[in-house]
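After the structure tokens below, expect a handful of questions from me.
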Amino acid sequence: MAFRYSRRVQFAETDMAGIVHFAQFFRYMEEAEHALWRAAGLSIAKAHENIGWPRVSARFDFKAPLHFEDEFDVHVTMGKITRSTITWECRLTRGETLIGEGSSTTVHVGRKPGEPLKSAEIPAQVLAALRAVVDG
Amino acid sequence: MAFRYSRRVQFAETDMAGIVHFAQFFRYMEEAEHALWRAAGLSIAKAHENIGWPRVSARFDFKAPLHFEDEFDVHVTMGKITRSTITWECRLTRGETLIGEGSSTTVHVGRKPGEPLKSAEIPAQVLAALRAVVDG
Amino acid sequence: MAFRYSRRVQFAETDMAGIVHFAQFFRYMEEAEHALWRAAGLSIAKAHENIGWPRVSARFDFKAPLHFEDEFDVHVTMGKITRSTITWECRLTRGETLIGEGSSTTVHVGRKPGEPLKSAEIPAQVLAALRAVVDG
Amino acid sequence: MAFRYSRRVQFAETDMAGIVHFAQFFRYMEEAEHALWRAAGLSIAKAHENIGWPRVSARFDFKAPLHFEDEFDVHVTMGKITRSTITWECRLTRGETLIGEGSSTTVHVGRKPGEPLKSAEIPAQVLAALRAVVDG
């Protein structure tokens, strides 16, 4: 069970080695995550009004390169969930080929006027809506 | 007389053709413009607090490619000035080689609470400070 | 008559002013152009094997901002055609709103072993295939 | 002992949350690594002629945000070294503030005509030159 986001490699995403630049994969993971929010009837944009969901960490393991015009999929599942964080797990594939695997952890934060940012409990209905999309 | 901004090409700025991607040149022009603001003791960042200086137009003519690790200069001068707009003219060179020429026009806007954005006269002291940098 | 390319604004394409960064619009125009090549049964990628189609110039006039998650269209038509260059004309719209208009000129170049790059006549069948897509 | 690379945040590197976009940190790490190669009298560009040094993995832990015009340092050290891989460890700081920590692993590969890519032993003199820079 995973949410699937499909995408094509654009020219500006390649580098002089003729393949997609490694930092671009973190954008692909983020695009897939945001598409998942939209599929849940939510928008990370709205969440951003109150500061939102900064990244705590991100990682990616590269298995095979992507080239210009390749069509690929990002398969997103939920990893570890805590009171205020979600870890998204992503697998990138091009047909049967595994391109790589990564994850990123975001923390739900809020801000009250005159106070510093701090992590805040993820609302139960947000979590339920996201989970429903991932579980298909 | 021109303000000079020096830069080196980074790997992620190249594309599969082995040269700097054409859209990147607009970022180079912007970096040079912002360095000029700083040299004037101003910051475009502060300006952005009140919405700031959106782009009206931008153009670039490409004469020769830039490659990874090339060191180049952006020479910035002021073109047409109106009540609320500045046009920045840029020449990119690598040593004696002309890489390209471009320009971009930005408009000074303000926003009062509850009112739509609108163009606003550029303060005379801002213009004077910018001009002083360009004129060396 | 125009070729239409549809796209959604991604988070990483925005800047601290809360809108799509101006240099990103040149990437949108390029994506649309490459989609047009694919619709013509061609690939700019293949063209790149023999160096391809470097940019001669690019310009964009900004009329209204794009925000995160906005869905927009790039409408591409052919402007001036010469022996070795094509000028692509682009209009960006979000629903009924004009976001901006731009163009970019690319030159067809070839390289023979041991010789410098030089502009080369655009093959008639390439031009015909591209035109057929634009003319719908 | 670490190699230090200094940088200023550019406008296009920020996103609508008003801070540097998380994927950009991977570019900062790469820029620092390439500066280190240059300090060693080497160029990753030359290495790329024979395919070079693709990424095996990359990760970053975010501790504090960076804002437009912030000046920051990337401190690079060598982590685990194997026959064909180097892991670069990076700390980003702005003054006394820790911005984040990350690492990336690259593998040295070679290609003989008509054969697939494969990992290749890192030449001892390359390793010695890189180490000399890191050890100051």
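Residue numbering begins at 1 within each chain, and the chains themselves are lettered A, B, C and D in the order written.
Criterion: a contact is a pair of C-beta atoms (placed from the backbone, for glycine too) under 8 Å apart; a residue touches a chain by one contact, two chains touch by 3 or more.
Keep in mind the model is a prediction, meaning the values are calculated, not measured.
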| item | value |
| --- | --- |
| Of A-C and A-D, pair with higher C-beta contact tally | A-D |
| Per Cα centroids, the chain farthest from subunit A | B |
| Euclidean distance of C-alpha centroids - subunit C vs subunit D, Å | 33 |
| Centroid distance [mean C-alpha coordinates] between subunit D and subunit A, Å | 23 |
| Chain centre separation (subunit A, subunit C; CA means) in Å | 28 |
| Residues within subunit B bordering two or more other chains | 11-12, 16, 19, 23, 27, 30, 48, 67-68 |
| Subunit A to subunit B touching residues, read off their complex | 11-12, 14-16, 18-19, 21, 23, 67-68 |
| Residues of subunit C defined as touching subunit A within the complex | 10-12, 27, 30-31, 34, 38, 43-45, 48, 67-69 |
| Touching residues on subunit B, where the partner in the complex is subunit C | 16-17, 19, 22-24, 26-27, 30, 48, 51-52, 54-62, 65, 104 |
